[in-house]
Amino acid sequence: MTLLMFSGEYDKALAGLILANSGREMGMDVTMFFAFWGLCLVRDPEKMTLEDKSLYEQMFGMVTPKGIEDLPLSRMNMAGLGKAMLKEMMEDEDTPPLTAFLNGARKKGVQFYGCKLSVDIMGFKKEELLPEVQIITAADFLQEAMESQIQLFI
Amino acid sequence: MTLLMFSGEYDKALAGLILANSGREMGMDVTMFFAFWGLCLVRDPEKMTLEDKSLYEQMFGMVTPKGIEDLPLSRMNMAGLGKAMLKEMMEDEDTPPLTAFLNGARKKGVQFYGCKLSVDIMGFKKEELLPEVQIITAADFLQEAMESQIQLFI
Amino acid sequence: MTLLMFSGEYDKALAGLILANSGREMGMDVTMFFAFWGLCLVRDPEKMTLEDKSLYEQMFGMVTPKGIEDLPLSRMNMAGLGKAMLKEMMEDEDTPPLTAFLNGARKKGVQFYGCKLSVDIMGFKKEELLPEVQIITAADFLQEAMESQIQLFI
């Protein structure tokens, strides 16, 4: 399964990571390709830098979510209220929060790729991302996607 | 064909249901897996309940769309004006409204699944959904998806 | 590869067109099926008309983006500021703007289809779209999708 993670949104990240974790538990090979806003899912909140960046890249780095728990909802965000409700409901159901799903995917051996062009445009540096993330091109991604049985754009 | 219906939006619901109806008319097996906001497409507007729900689940049930005609547009909603325009234009073209597409999919034998985790988190009860909806896990869905030729995340 | 271009958003259009261009460079057959808001990607900005349209269709034609550079971002649009920043950053990296990717896809022989039902509902006329765009039904699209190895809903 290859998942193209385009949207930097809490609920879509949750959907993608649940599929990735489930897939690995079933023994599938799972690849996640983070592009555009999706890169915000694999930023390391401890490792932001402003060095060697243009003014636009610095501004962009500051206004985008710093890490996975910082992502907004795709709908009903309502100034964060919707997300607070969702997180509260997830705890009631003993569902692990998003970070736990992300770490689960890392431990279970989901392959993490970052889109080269997106990294370049957005001015993110490799050191700012989780160490597992390898940077590849769209063509490399398509090669993997062609060999997989399930492809989803999330 | 397996469609993962994630977004609870009028226009995306329309796109998914048109594909599902067309697929059945062509003789395909079609599966729709409703997760997160997508569950709002298969809520039965007549069967809402507040019983046995936490306060958050009650609030959530009240602020989310009650049924398929109640969904917002993904864009240009403009306080409902965009949707009114779209519906008006659909009537001009004799296109059946969204409920007709939903009922068409039910009659034509599209398989409806609800995501177990989403139902649990959002606090929806099985009785609040259309009777055709069977509750399955993400792993069950992936099993079906692997055997299908077309998979889309909508 | 078949791409169902549903969203009329600058960043998703960019993602879809980068995949389409990369796919063609790798020798893949690539089909883009423009439906709903996605039709705004293939409107010819020089060829708008108000003739033979209902009042709703006229209004709709005027409030929707006139061409590909006119699309909003899916997130962080911030009254156009986010898009201005993104375009500026793309220029810093010598990435061609969206129009260049669109023209690249046209020159490289990506197959462009418009969704018949969407064209009818939205009141767009064939002459208002780029000349390459052929109008087909959802069933025709599904036929192509079934024969392709990668399908994405963007």
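The letters A, B and C name the chains in turn, as written, and every chain counts its residues from 1.
Simple rule for what comes next: a residue touches a chain if its C-beta (ideal position, glycine included) is under 8 Å from a C-beta of that chain, and two chains touch if they have at least 3 such contacts.
All values reported here derive from a predicted model rather than from experimental measurement.
K.L.:
I'd like the angle of the rotation relating subunit A and subunit C after CA superposition, in degrees, nearest 5.
P.N.:
120
K.L.:
Call it same or different for subunit B and subunit C: same when shared residue numbers make up over half of all numbers used at their interface.
P.N.:
Interface between subunit B and subunit C is built from largely different residues.
K.L.:
Taking each chain's centre as the mean of its CA atoms, how far is subunit B from subunit C in angstrom?
P.N.:
Measuring from centre to centre gives 25 Å for this pair.
K.L.:
Quick check on subunit B: which residues sit in contact with 2+ other chains?
P.N.:
151-153
K.L.:
Along subunit A, where are the residues that touch subunit B in the complex?
P.N.:
Subunit A residues touching subunit B: 1, 11-12, 14-15, 18-19, 22-23, 25-26, 28, 74-76, 85-86, 88-90, 92-93, 95, 149-154.
K.L.:
Okay, in this complex, where on subunit A does subunit C touch?
P.N.:
That would be residues 4, 6-9, 35-37, 54, 56-57, 59-60, 63-64, 117, 120-123, 137-139, 142-143, 145-146, 151-153 of subunit A.
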